[in-house]
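Next up, some structures in structure tokens.
Here chain A shows up in two complexes: once beside chain B, once beside chain C.
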Partner chain A sequence: MPRRVSLYSLTFSLPLLIWQLLFFVFPLVFLVALSFWTVKNFAMRPDFDGVNWVTMYGRAVFWQAYGTTFALAASAAILTSVLAFPCSYAIAFKLSESARRWAIFLMVIPFFTSYLVRVYSWQIFLSDRGIINVVLGWVGLGPFGMLNTVGATMVGYMTLAFPLVVLLQLFSLVFIDRSLIEAAHNMRCGRLRTVFEVVIPSARVGLTIAALFCFILTFGDFVSPVYLGGGDPTTLSILITDTTKSGQQWPRAAVIALTMIATLLVVAFVTVRFAYKGRSK
Partner chain B sequence: MNRDTLVSFEGVVKRFGSFVAVQRMDFEIRKGEFLAIMGSSGCGKTTTLRMLAGLEAPTEGTIRLSGKPINHLPTWERDTPMVWQSLALFPFLNVRENVEFALKMRGVGKAERRRRAEQWLDRMQILEFAERNIAQLSGGQRQRVALARSLVVEPEILLLDEPLSALDAALKVRMQSVLKNLQRETGITFVYVTHSQSEAFSMADRVVIMSRGRIEQIGTPQEIYGTPRTRFVADFLGSSNIFSGKVTQSGSTGLEVATRDGAFRLSGSVPHLPQSGEEATITVLDTKTNLSVTPPEGNLNVVPVRVIGEEFVGATATIYTETDTGHEIKVQKSHDELASLPVGAGQRLYASWSPADSHLVGAA
Partner chain C sequence: MMERPTRPFAVTRRSLLVGGAAALATPMLSRRAFAAPTELTMLAWYGHAEPDMVAEFEAENNVKFVPKYYTGGDNMLGLISQSPPGTFDVILSDAEYVQQLNAAGYIEALDPADYAFDDFFPEFQKFPGHWDGDTLYSVITRFGFLGVAYNTDALTEAEASSYEVFWNEKLKGKVGHFDWHLPNLGQISQLLGNAIPYDIDEAAWEAVKEKTLSLRPQVGGFFDYGGTFSSLNDGQMLAFAGIGDWITGTLEKNGAKVRSIIPEQGGLQWTESFSIGKGSQKADLAKKWIQYVTSAKGQAKSANMAAYPALIPNQKGWEVLNAENPDEAKRQGMVIGQSNVMDMIRAGRIQYRQLPIQQDLETWNDFWSEYKGA
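Coming up: the complex of A and B.
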């Protein structure tokens, strides 16, 4: 039987299809093409030359930035997940229904303001004569150099991802069948042990997806490593801007961007596979 | 306190805010018995079970296990394994890991854990599914996993919260015999919460009937069926015809109660003899009630009725009739017994029963 495409389904799917083609597939194809162009005398020329790939992949600074970015994003994913878990656990299991609604509302509020604004305000807290150092000075401590460190970058990453990770974790925790937790208690599994034996395994998919989102958001982030980390160490996002600024090397920047996209695709695929491993639905 | 007593509830009350779930409960559970706690939803039966399991704390009173008060013990320090209505099997563990869980929590070594888990899986006839995921099992197989998981620690008591409610009728009957045999063979005390009369009466040694947070009656299924103690129990079981009225005669040989449908006599022993003029409710089982075309001879209670309907279930039929005042009287008979009786709707007949088959119940 030939499948007929009805006008009805087309009406709803076509805009999405056009949107995807226009703003995702087409730019991606262009990016791939761009990575094979060449630059002569600060001018780009359409070409089909693998020189950009060879140059970038042959540079130690690229691999260094790649390693740094990957490690930073992975650390942010783990650290944010670990710090967010007690928070989402408490909201899911310890709060009343109405208090939980308020907590969810409060977790959404940070998204009202621009991430850039929130990162700038962290500078006021973290700088050498910022709020934290002034307060510490009152008790005779410091000043500590907190701005332009990896730690500050992490703070920025968490500003970006923490509320989202809490929300994602929360939605997987609230759907855990409470009788599973009672059953564990009933079988001599104490409170803390139940968290590791039952709660985390039950919410594994949600917790992993939350960490994945954190990785995706921070892997490509430019704001925190520049404005809080001081641009050192260099991340791939910083390397892209540097590359475009130095000698109009857009094709080489495209190589970095495509490598990042490929990395995220692989990480997302592997993570989702891990999340659903052993589950047969 | 009896030596055979395993659990005792002493003046146990449970309130949730202003709602009283269980009010002043006193009863005992005997060692090795199959006790069913039965009642409609919201009667407090599950709360009672959860208090015993340590999942809810009593507001007042004492619960003792083997003589020791256990009110203050959290569930993970009691040996009161429970089978949940939802079964609460861990979906992220396979069958074997589910059964091993309680042993793992008790610090039993890996080899020993495996041996004991396999022993129970074998006993429940699900050893071949040991490495399967829970999602791959049928309802009946899951039931067996849940039982193995609770029994693997060889407890003294097993609590079951309507575990069969999700199964289809045929499987339910099969699991009932599995449960009953298991209880008999192991000698473990089973406390079984259900709203189903057939489940409770077919498996239990004793049945507790609850209503609105109180115990209405405790007894063997035969006792409760034959002599419901309260009007609620008679109503709930649905197998009795019930009449209320005022006592007109009261003596050592029995009493007479004047109801809207006539005066009915009752003979035999009664728990307490009411005075003339007191309110009284009498019951008679639908199987002990007869129907006839002409008024029957002999020392019987008789009331004229009109047939309003009939219902056939298996080998028996229930004829629904009503008196002139609209009071329903049902009669249960085998098809053979009814063969010679015209039971078309509207047919006028006489319902009758012996004064010796009537029972006096509490007014509550």
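Coming up: the complex of A and C.
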């Protein structure tokens, strides 16, 4: 018997479909078309020429930026996940119900402020004459060059992703069946071993998705590499601005953007497969 | 006879109608008394439509500027090409982009007789690129020099007086680049002795690339407009290539220990000029603005613009500036009767920043990306 489409289900599904079409599918299709346009004397012309793909994929600087961006985002995902886990673990298992609510509230607060402003404020801490170096100077250390380094970029990435990673990890940790942990303890499993053999495997989906979100956010980030990393090394987001800044080369920028989207899709697919691997439906 | 009870705030139908009519008429009365200002759209670098520049003109002409700020000539061209004709009444452009604007048909031809060119220094009366034959398309309003920007605590003026200072051992990791290939590569080209730094053959271009790459270990970062200000201001970068007094002047006036100097190899000149957007419905008002800002009074304001200072081409503007703000006139080297910035131009120490002549712009840009990734 054919399924009838009810007005009720349409009411709820259509806005999502329209949203996806308007803000994802159409721009994506346009981006693909744009990547085949050509530029003459600063003016873009509709065309069907693969020159932009050939040019960008033939440039060493593109692959260099690609490798750098991938490595930075992967490092940020691992580092942020590792640093966020003790925090989310403590909130999930060590805090009272009301304290947990406060902790979640505190994790949401950073999203009230502009990310750009938060990153700029890090300059005050990290610069050669900044707060950290002044404090270190009191005990005879430094100054250390922290701003305009990869480390500073990583600080910016964590500013962007850390609260979100904690929240995502937390939501998977609080739903772990506590009887599993009690059973492990009853079987004389130590605390640390319980974390690695019971808690982390039980929360694998949430932990992996949290890391994935961190990767997605940092892979396309422009703010931290520019304002904390000093634009050095070049990431793909910086390369996009470089490409558009001179000669109106938006079609080439589209090639970079599409490569980034394809990368994120592959990474997301592989990560989700890993997260749900071996789980029954 | 029964007396009607009196209510102090009773609303009758008549009073409601009278009150309502009065309320509805009020905006009309105020419109008659204060006609709504005419909006004039301006496409410009940040600062040109801020109150310190436009408030007086707005009040005198009942105009309200609606600015759209850009960060670079390509950004400007992109904004125009993506907007319908007539979107921008007034367009500010760097000299090298005026020809692009004209070629694309984005700006109107102007009547030279409308503007005070006789008051300008002769060097600016028929500025290259602003004219197509005898047809004027843009009126120069300000200019500046690019040289070596440096922290005065870290370097002496003598040390900073050569582009070679960027390779100084004590500046390792402390040389910043304004992230745009044209001024940076132009300066390296000047360092290598190219008389016209943007008109170089392949051999000279290869030499420029090689010399530029040798600077890479010294570089601490590539900065945009805001990043350039902050990294110089907090001493994070001690020397900067690709900029001049338009950045350091603003910082210096606010107490930062930074300066710009034109090195012995010479400096580059940037130029800003105003055009009227093609299809503008308010071309007369746009013309009036250009007349104002290139007049002596407008020029003195422009020299001291809050966002970034600049040199001005109007000699009478120099007079007004010297009378109103002698310190700034002296700081920028615009004192009449003394050694001043015009001497540097006349001595041939300054070359125009322009688009590369023998190579594609793309070639320069691609190399810049490679340099950044090196």
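The definition used in the following text is that the second predicted complex is superposed on the first by the 277 of 281 C-alpha atoms of A that agree within 3 Å, B and C clash if a C-alpha of one lies under 4 Å from a C-alpha of the other, contacts with A are read in each partner's own complex, and residues count from 1 in each chain.
In the analysis below, a contact is a pair of C-beta atoms (placed from the backbone, for glycine too) under 8 Å apart; a residue touches a chain by one contact, two chains touch by 3 or more.
Bear in mind the structure is a predicted one, so any value in this text is a computation, not a measurement.
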{"item": "First (chain B), second (chain C), both or neither touched by A:A77", "value": "neither"}
{"item": "Chain B versus chain C as contact partner of A:L217, first or second or both or neither", "value": "neither"}
{"item": "Partner chain(s) touched by A:A183 [first = chain B, second = chain C, both, neither]", "value": "first"}
{"item": "Touching partner for A:D232 - first (chain B), second (chain C), both, neither", "value": "second"}
{"item": "Per-residue contact with chain A, leading partner among chain C and chain B", "value": "C"}
{"item": "First (chain B), second (chain C), both or neither touched by A:G247", "value": "second"}
{"item": "Where chain A meets both chain C and chain B, residue numbers", "value": "none"}
{"item": "In the complex, chain A residues that touch chain C", "value": "41-44, 59-61, 64-65, 120, 123, 127-130, 145, 147-148, 226-227, 229-234, 238-239, 242-250"}
{"item": "Interfacial residue positions of chain B with respect to chain A in the complex", "value": "53-55, 74-77, 80-82, 84-86, 88, 90-93, 101-102, 105-106, 133, 135-136, 149, 153"}
{"item": "In the complex, chain A residues that touch chain B", "value": "177, 179-180, 182-190, 193, 197-198, 201-202, 204, 278-281"}
{"item": "Contact set on chain C toward chain A in their complex", "value": "72, 74-75, 77-78, 81, 100, 103-104, 173, 176, 179-181, 219-224, 227, 230-231, 234-236, 361-362, 364-366, 368-370, 372-373"}
